[in-house]
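Consider the two complexes below, in which chain A is the common component and chain B and chain C are the respective partners.
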Partner chain A sequence: MTTSPSPTYSMAMPGKRFPRISLGILLVLPALTAITLLYALPLLRSLVTAFRDNDGGWTTDHLVRAFSLYGRDVLFSIGVVSAALVLIAVISIAIAGYLVLGTTPWAVRFLRWLYRWPLFIPFVVSGQIARSFLSTNGMMNGVLIETGLMMSESAQSFLDWRGLVLTFAWKQIPFVTLLLAGAMAAIDRSHIEAARNMGASRLRCLFGIILPQAAPTLWVGLILSLVAMLSVLSVPMMLIAGNPTMMTSMMAHRITYYGDYGVANALGLFSYALTAVTAWIYLRLTLRREVAS
Partner chain B sequence: MSTEALTLNDVTIDLRQKRILENIHLDVAPGSFTCLLGPSGCGKTTLLRAIAGFTPLSRGDIRLGRRSITHLPPEKRQTAMVFQSYALWPHMSVGENLGYPLKLRGVPREERVRKVAAMLERMELGGFESRTVTQLSGGQRQRIALGRALIIDPPLLLLDEPLSNLDAAIRRSLRSELRRLQKSLGITTIMVTHDQEEALQMADQIVLMRGGHIVQVAPPQTLYHQPADLAAARFLGVDNTVTRQTSDPAMASAATTFGFRTRDALINAPQHPAMLTRKGRVTECVYTGDGYQVSLSTERAELCATSATPIAPGTFAVVQVPQSALIPFGPDDRHLPPLDRQEDIA
Partner chain C sequence: MNITRVLSPIGLGLLLGVVAFIVFGPLLNLALWAFAEQWFYPNRLPTGWGFSFWERVFRPRAGAWTSLFNTVLVAFSAVILSMALAIPAGYALARQALPARNVIMLLFLLPQAFPNLPIFVNIAAIFYQWGLNGTLIGVVLVHSLPGLVYAVWIATAAFSTVDRSLEEAARNLGASPLRTFIGITMPQALPGLLAASIFVFLDSIDEFTGTFFVGAPEITTLPLLMFNASMGGNYQVAAITALILLIPSVGFMLVIERFLKADVLSRVGR
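Up next is the complex of A and B:
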């Protein structure tokens, strides 16, 4: 009987190892190049620009100016995004929960068909819809006055932080619901039935059994929504006229009117910092899930 | 909570315009162990789920003790079910899994901890509170699932093929353990199974089902020796059937067919006139541990019999079946009732 050489032995031979590694690099190269050229380099460049003055020297002036001029906008952005995230979480849990636990088949089917529509509407159109819906003479006030639920004198415009929160939520709820409902549907049906059999109402079942198991997906949905909301320019531009407003709006303003890339990039740095924190949470969650599975 | 009787009256279930169960009547005595037995797709699990409240009835009534539970949601029925997959919640520890039903009932924390510890001791898994359920073996999961069902002291225990995911040795030991536990608690239990051996060993009463109907409700001995019809007999291991001949034992005059089990059919035993006798050519002889299973090709049928010694294929052999092992069936394939046999003897 002959014995074949062990894999460790052949791996240890330098002559054989080299071509295997270079082939691996060759296979990864297109993706690596695309990521480097399209994402890493522009990101690095904008980060560097935030710390460079006109003469090419290093400075923290942009950062200080950005914060002194737009500190309120940064806080406003964080506030709006947080409020929107809370709203998104609450409503998507409610919708996804009903899709999984609902006992009226036609209502479940109707909701499943209905909730996805905003997914196919771009942010700019959402902004336009929100404008005509939430303004002083908009459809919302119109309906409330027509139906006698509100006096015409008390009609007010929602085109401020509330409009932003509502529009962001309206746009992002279907996305988070889609992810969450998928995760909830993937839970073994018997887990839910066992809880109900033991005496849990549907609501307790949702919060005690289903949501804890689907929570990682909810976090992922919320983090991706946060990134989307922090990067949208059209909605704040269309909904909010004055100050404070979202960071994206101010960045655009800084570049369009002053050509001031330094401060704009410093503002971008705050966005990166926010998303970086959440991206770190996101990566931790996905990694933990992969390890668990 | 005291154990209670279960009564099903005219239970009919349709799912997606298809009739799954029709006209089910069943009385389950308090404290008894009933098995729903039948092949896959016969509706036994649907019946169990209907009792638990997961499948709505199209018609009929389910009563637990005196009260009707037909229109109650699952959480109000107080039935405790053990699922085939055990359905232990992976985001909770073993202790939390066991304690959750108590938590739902507002039992204070200290009492919960005490009851969980006591249940774990009873299940011989003492000190397992903080383990995650994914760390447990199949048998341990099964016990935790059973403990979770029993911890609320339910009036009715429902078991959906609880032993089918376990390997043979654990299954055998858990069978008797489960039966002992049920007897000591005196809890009314209904178990779904497709394993006739399991049903025969464990049940006080077996409900044999087929195609959405109940075929027979009987104690294990009766079911085994007097299956309602030929199909039921085949499901219960009656693997040989022969058409009656004039030379056959004079019993059950109306019988046109006799059924018998391979283990009761002897090869080349001393000839006896009171036995059913068939001759045939041996087609196969396989070792089964206890002896040899011999397949024969007779004039009218393929038969199987047992032999203590191997028999070479191709040789002729005589199969004999004692009268006591013969199960008589009428022309409509129905089992001939004992009364008929009595008349015959008279």
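Up next is the complex of A and C:
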């Protein structure tokens, strides 16, 4: 049979006269322009401004000043974020593990319905929720006192670093759990069944078989949570009145009160560095895993 | 260790009760504040209930209507702008042989991979020079940055799940490329694109930092209104605004799995 083009095929030909590559670039170009103007340009400006003095010369003054003025806030941020990440990891593993290994159907169904509620609640709303729930006469202390778990004299406000950790965890646990439970559900059930048949306890199954396979997803969830916590401005502004506080709060402070973009951008550089270090550790871990397997 | 005995039904029920309190307690506390007219220490519950603060918030010419209108207008504009840019880009990234495709994908990943506050600060400084600070256009643009990132990634994933053989069949039957795209490709990609639109919409409604630097004080959205009320010590107004902000968030949480199908999710980032 000959391969002479049918009439329909030749009708489709005009589209092929354009080289495909240029059409593709044409389609991507508007979005690329937008991301360049809205992201690459401000990013470049933030990096450059951190190293520029008023006369346009290069300097490291802003970095030094940022560290001497806000070193405590940087350490405070690292501490809060680390504590929150540990809490998020532990509880997400517990919830996702129970969702996969739980043997009481009603409890699994109920927990699956329950844990997701804070998933899309805005940070700014979480901040307000924490302000009322965690304050000295908030509902948390109220319930603890009414149930006899705490004396009313020892009621205290949690609106400090503990409030930040709890609020961040409350907001981010559903997100990490959603990712982790998805990854755990995708694991070959036969591995789990085999281990269970050999007499492994459910805890042993979770930490020996399921978690190692789902660990990359957990890491991704934790890194995304880290970025979210280092980005959010509203929660630290609403929960922490004085010093030390999160870096974001101090950046905003530096700009609204002093118009000092140099020091603010130098602080921004610290938050980039913090994320970059974590991402680097993650990449090293995954690379080692890939080499090993 | 015998975990089954520890998690006997009663223990299990208690544990789930504690989890339920941790999840819903804070939300309940917020709802109480929204309807409390009098609530002084040391009362555990409000001593006066009512809607008078709702009336204050929704009085004609009160700030809430303007904020609500701004919020919805900005969110819809951000969705239209992001999707108009992301649909062609997503199609090209999924289908066309692009030079440096990985670099382009990475460029669309970076905004989510690093803290965005310094970016918003510098956008505000740039917008100030362009006269965009304190304008609705400026706020729409700053809301479209995170929106565009989600939209491009999800749209790319949605287009790459479309069955190509159907498109080829349509073309062989004589459909033009445009007709094939509208009649065959779009309907299949639609659930993913809808999910992307909802993400952009929600993200814009909740967006605080960008509006804080670019919009305030001229443009007030609901999150800013809530923030100002809270910082001013007006917990009732803050709680009412927060409840309004919760409606779309919780609504979407309940239906997310219907929109984001596993086959699209598994292709995000490829």
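Worth pointing out:
As a working rule, the second predicted complex is superposed on the first by the 244 of 293 C-alpha atoms of A that agree within 3 Å, B and C clash if a C-alpha of one lies under 4 Å from a C-alpha of the other, contacts with A are read in each partner's own complex, and residues count from 1 in each chain.
Following the convention adopted for this analysis, a contact is a pair of C-beta atoms (placed from the backbone, for glycine too) under 8 Å apart; a residue touches a chain by one contact, two chains touch by 3 or more.
Please read all numbers here as calculations on a predicted model, not as lab measurements.
Shared-chain residue A:V108: touches no atom of chain B or chain C. With both structures placed on the common chain, the touch criterion links A:I78 to neither chain B nor chain C. When the two structures are aligned on the shared chain, A:L144 is found in touch with neither chain B nor chain C. Within the superposed three-chain model, A:S201 lies in touch with chain B and with chain C [touch as defined at top]. When the two complexes are overlaid on their common chain A, residue A:L285 makes contact with neither chain B nor chain C. Residue by residue along chain A, chain B and chain C are tallied for touches, and C comes out ahead. Legend: residue contacts after superposition of the two complexes on their common chain; A:S190 is shown touching chain B, with no touch to chain C. Residue contacts after overlaying the shared chain place A:T248 against chain C, while chain B stays out of touching range. In the superposition on the C-alpha atoms of chain A, the part of chain A touched by chain B in one complex and by chain C in the other spans residues 201.
Interface of chain A with chain C (complex): residues 8-9, 11-12, 15, 20-21, 23-25, 27-28, 30-32, 34-35, 38-43, 45-46, 49, 103-104, 107, 110-111, 114-125, 127-133, 136-140, 142-143, 146, 170, 182, 201-203, 223-224, 227, 230-234, 237-238, 248, 251-252, 255, 261, 264-265, 267-269, 271-272, 275-276, 279. Those residues of chain C lying in contact with chain A across their complex are 1, 3-4, 7, 9, 12, 16, 19-30, 32-33, 41-42, 44, 84-86, 88-89, 91-93, 95-99, 104, 107-108, 110-123, 125-126, 141-142, 144-145, 148-149, 152, 171-174, 176-177, 202, 205-206, 208-209, 212-213, 223, 226-227, 230-231, 235, 238-239, 242, 245-246, 249-250, 252-253, 256, 265.
Looking at the complex, you find that chain A touches chain B at residues 188, 190-191, 193-201, 204, 208-209, 212-213.
Residues 52-54, 73-81, 83-85, 87-91, 100-101, 104-105, 148-149, 152 of chain B touch chain A in their complex.
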